[in-house]
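Each of the next two complexes has chain A plus one other chain: chain B in the first, chain C in the second.
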Partner chain A sequence: MSALTFTLKIRTTQRIDVSALTPEKLQGQSPETTAAILLPSGKHALRVDEVFDIAGDDAGNIVFKNSDGKLDYIGSQMKSGSIIVEGEAGAYLGFQMRSGNITVHGNTGVYAASGMAGGFIHIHGNAGDFLAAAIVGDRKGMKGGTVIVSGNAGDRVGDQMRRGILLIEGNVGSYCASRMLAGTIGVLGTVGDHVGFGMRRGTLLLTKTPEMHATLQDCGTHTLPFLSLMFKSFAQLPGKFAKIGSNRVQRYAGDIANDGKGEILVLQ
Partner chain B sequence: MLIKLTGGKVYDPAHQINGKVMDIHIRDGRIVERPHEGEKINQEYDLRGKVVMAGAIDMHTHIGGGKVNIARMMLPEDHRTDPVAHTEHCRAGCGHAAPSTLTTGYRYAEMGYTAGFEPAMMPVNARQTHLEMGDTPIIDKGGYAMLGSDDFFLRMLTAKQDQNAINDYVAWTMHASQAIGIKVVNPGGISAFKFNQRALDLDELNSHYQVSPRDVLKALSRAVHELGVPHPLHVHANNLGVPGNMETTLKTMGASEGFPMHLTHIQFHSYGTEGDRKFSSGAAAIAEALNRHKHISADVGQILFGQTVTASGDNMRQFANAGHGSPKKSVIMDIECDAGCGVVPFKYKDQNFVNALQWAIGLEIFLLTEDPWRIFLTTDHPNGAPFTSYPHLIRLLMDKSFRNDMFTKLNLDAQAMSTLTSIDREYSLYEIAIMTRAGAAKLVGLHDRGHLGVGAGADITVYTDQPDREAMFAKPDYVFKDGELVVRNGQVVKVTWGSTHTVKPEFDRSIEKDLKKYFDRYHTINMENFKVRDDEIAEGGRGKVIVQACEGRRERSE
Partner chain C sequence: MLINGVQIDDTFAEAFNMRGTRVIITAQNLKWAYNAANAMTGFATSVIGCGVEAGIEKELAPEETPDGRPGVAILMFAMGSAVLMKQLETRMGQCILTCPTAAAFSGLEGNDRISLGKNLRFFGDGFQISKQFGGKRYWRVPVMDGEFITEETTGMVRAVGGGNFLVLAESQPQALAACEAAIEAMKKIPNVIMPFPGGVVRSGSKVGSKYKSMFASTNDAFCPTLKGLTRSELSPEIESVMEIVIDGLTDLDIRKATRAGIAAACELGAENGIKRISAGNYGGKLGQFQFHLRDIMSDPALAGI
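And now, the complex of A and B:
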């Protein structure tokens, strides 16, 4: 059995919703049925075989090849198996994902990992704005699972995030951890302005002291034993977070304009 | 253009035709007499073996107005999970519980419905409501203007103004808002909520105006009757959803003192307080009272399981229910001090005791009410379930074994509290045709719809007789709207634009002197701009106003 491979063969101006192409939805489908699935694209619907060349038969392992940033909802509501994206991914990567693995060898669009409740996403390129944030109409962003971004991420990372681990090796934009409800975000690079704006609970782990607004309060330097446990759990993960050793941090609490139970920890 | 529908089995309860095989002729959008020998028939449809009924009429469905738009805005997830692609004839759309206007029209037509009536049209919001309904293709529509918690009317009651003045105000409102009926929602209660009352029983006084819901019902039901408006006062009673509210409902039936009233979504008003959980079915008592009170009619407002959204003018009850919303969000608002609005998303679950019992109560009311001319098939779209579940509901009514199978899947405690399985009744096609066609047209006052007699508008639905009634009613073979074929095999093949039905009862225009003063002093809008004109509805050639006759107008009161 070889991985079920969808090679994008057309370039569209309109976006394409590929939420129908996940391991459990394609499990046990004949090639003909898979080819005939309709993918919403703007006001139209396109057949899978109009958009992709299809090869392979193992629906548990799906590969998108030659993909571009127009493919939205990759791995949406996925519950098992793995998806590998060789190229760019569009918006809503891993939307409401429950379990399984997604690997993207390229950049992703906005709202990656939004509503994600479990599983593992590794983005080797950059992530767009609203990574792990709640989409319009939802009240919670990421709700579980682990996301690693090897590159940079955009603005509003972790907006209304509720649970889970979000690790970014590069830099992030403005409003990182805004309105964050709970969960853990780690950033090894720099963060933009308005960090922790409206942050309610949760932990933001940084390596450099960012510019902070008035309602984030310095609580001094601490050695926190729980960090050792957390870094131990990171040791299994790919990437740079596995190598952090120190558990000595400068702690800031906030946003005290919004409950103030969140914390920003800056590694010393 | 002469069209002949040949050899169908016709169900036309308005003319006591029960499954008779006959031909129907259509010329220029109307049903006509058999043509002379030798007249050329332009088109013929062979309907041998098919079931032929008038187009169905939904007499209570929230398809327009501010609250539907709020529901759409508040629930993007309802839209993004249900996209509808653009086709050769139809434009793209979306939405399961609160679909876009275009999708609403297509889906109704595809189920064989040719008319739908918006039951909560705020007069101040009437323009928006008509614009939205004007954007709903194929089906005919109309609205019931909401009165009873508006300041001007409550002031009239407080001042004990005479019935003639109230009649004039009601008629003026119907003209101004292009309505076909009058609805009252939680009589006086929407207003009382704003004066910090959180419940209002039938004989309780609104603390500000010192009038009771009973006064409101008496004045309005009499006004509607005396103006000769065919549709009786459309009543959403007090205490919606409250355990034990069946007592209020039973009392409400007597509140109009003999003037006709229509009690809407009565399922939500038929709860007792028996059992360990103090929540039980009042269906038997309600149905028995309906059977006895010939001046009362009702629609059920059946709930069906799944995600939907409740949208109502009853801000008092919606405020109380907001905590039960799923997903957890809601909008409760005042509208121009004249009424209110509450939108709460809701998920009915078959394993939830209350929801399961609500399901059974609705069906019990359907099955225990004897006269199908006075009970109507609704889910109070989208409050009980989206209208697209009507075929499923029809199957529940027509198929006892299916109904009992569904019943066994319910919450066990709820099963123990319901007598549904002991009811053997199954609705016949003739009775379904009464509920959804002839009866509904008669109730709303559509004199040329809901029947297949000569002169009627050619709104006709053709089904294949199948034992699975859900499949049968979900996908009609043909639907004709004003004589044009709009749906074939459950797919829209032509998009037309329906009309807006109204009534224009006569009244004494001198009421405008008082109203003008009131508008100038209190309102956000000039009185002349408040009125929705015919040409606004007809704008762009997409619709027109049909004025239904106010037959049976009564002399003015002493």
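And now, the complex of A and C:
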């Protein structure tokens, strides 16, 4: 069996919702049924075979080739298997994903990993704004699982994130960890303005001291034993976070304007 | 059956179903891991008076522990899950939380989970922080030396308690020397503890007493100074009897430990005053497990332990 491969063959001006193309939804479907699935695109619906060349038969391993940033909801509510995106991914990558793996060899749009509750996402390029954040009307962002971004990420990373591990090897924009509820965010590069704005709980691990607003309070330099546990759990992950050795950090607590149980740890 | 001139009695140890758990204690160094573990397993010789029977199972190298620091594994056994949970919680609170640099982690996998730090976190008075890594939840509780780290739960299993054997010798020093040798050998067996002081108990008991308030009293049949007064089990040359009690996660673990212990005691042999090995039982009516000494000592599957 070879991976079920969807090669994008048209360029649309409208976005295309490919949430129907996940391992568990395509499991056991005949090629004809798969080809006939209708994908919402603006006010129209497009057949899968109008949009993609389809090859392969292993629905547990799905590959999107030649993809562009118009493909939204890749791996939405996914519960098993793996999806590899060779190209760009649109908005809502891994939306409410429960389990399985998504690898993107390119950039992603906004709201990647929003509502994600489990599984693993590796974005080799850059991620857009609202990575792991809550969609409008939702009160929780990412709720579990692990996300690694090899590149940079946009603004509002981890907004209202509730649980899980979000690791960004590059830089991130403004309002990182804003209104964060819990979980762990790591950023190896720089963060923009207003980091930890309204942060309630959770851990933001940084390598450089950012500019901080008044309601983030310095708690001193410490060697924290839990970091050994955390870095040990990172050791199996791909990328740079697996190589962090030190567990000595400067600890800032906040946002004390919002309960103040969050922390920003700056590696020393 | 004779091993090196030592008679192995045709009798059995009677043991009971218990609930057991393992906790991994780590600290900055082994000294402080032992300080914590010794406190936690102190006053835990017998369920009769202590609620639990507990002991240090083994030392752990830094690469064997969850947080990469040196540590020890302790085993704790109780007659029921409620007592075990209660005792674990109080001992964690008084002995591990309090001990500088100490941390506690689950030492048993499985679905039957009991609280390790789950309720202890409230010591943090709202400043406690939960962290989840690799599917496990840990608690960070701010304390005066930094942060106390504990896993939320540990596993609980059905276990076996009360495996035992008696060493009958011509003198007290000889009985003790044999027991010390046995304990040294038994410490190498995983999944077992010998909960009494130094692993050895000298006050074996029988069920019942002449006093109404006592459920158990001295095992007069094995008391050497009562040879002429009671229906004694002891021949004239026996001057001292000591017992080793074993709790283990499975009956096979107890069989292995019994084999290793008796073999080590018998190595001193009759020429060093070790005359007989016997075992304590209640006629086979009370316990769910019987460990027949001669079976264990002749079992080829246990050879080489």
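Methods note: the second predicted complex is superposed on the first by the 268 of 268 C-alpha atoms of A that agree within 3 Å, B and C clash if a C-alpha of one lies under 4 Å from a C-alpha of the other, contacts with A are read in each partner's own complex, and residues count from 1 in each chain.
Basically, a residue touches a chain if its C-beta (ideal position, glycine included) is under 8 Å from a C-beta of that chain, and two chains touch if they have at least 3 such contacts.
Note that the structure is predicted; figures quoted are calculated from it, not measured.
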In this superposition, the partner of chain A with more touched residues, chain B or chain C, is C
Per the contact definition in the header, classify A:His44: touching chain B only (first), chain C only (second), both, or neither.
first
Q.
Just checking: does A:Pro225 make contact with chain B only, chain C only, both, or neither of them? Give me first, second, both or neither.
A. second
- Could you look at A:His124 and tell me whether it touches chain B, chain C, both or neither (first, second, both, neither)? neither
Discussion item. With both complexes overlaid on chain A, does A:Thr203 touch chain B (first), chain C (second), both or neither?
Written reply: second
So, does A:Lys261 touch the first partner chain B, the second partner chain C, both, or neither?
second
Once chain A of both complexes is superposed, is A:Lys79 in touch with chain B (first), chain C (second), both, or neither? neither
Chain B partner, complex, touching residues on chain A are 17, 38, 40, 42-45, 135-139
Chain B residues touching chain A in their complex are 74-77, 83, 85-86, 91-92, 327-329
Chain C partner, complex, touching residues on chain A are 163, 165, 182, 184, 201, 203, 222-226, 228-230, 232-233, 261, 263
The residues of chain C that touch chain A in their complex are 66-69, 103, 126-127, 129-134, 138, 140, 146-147, 149
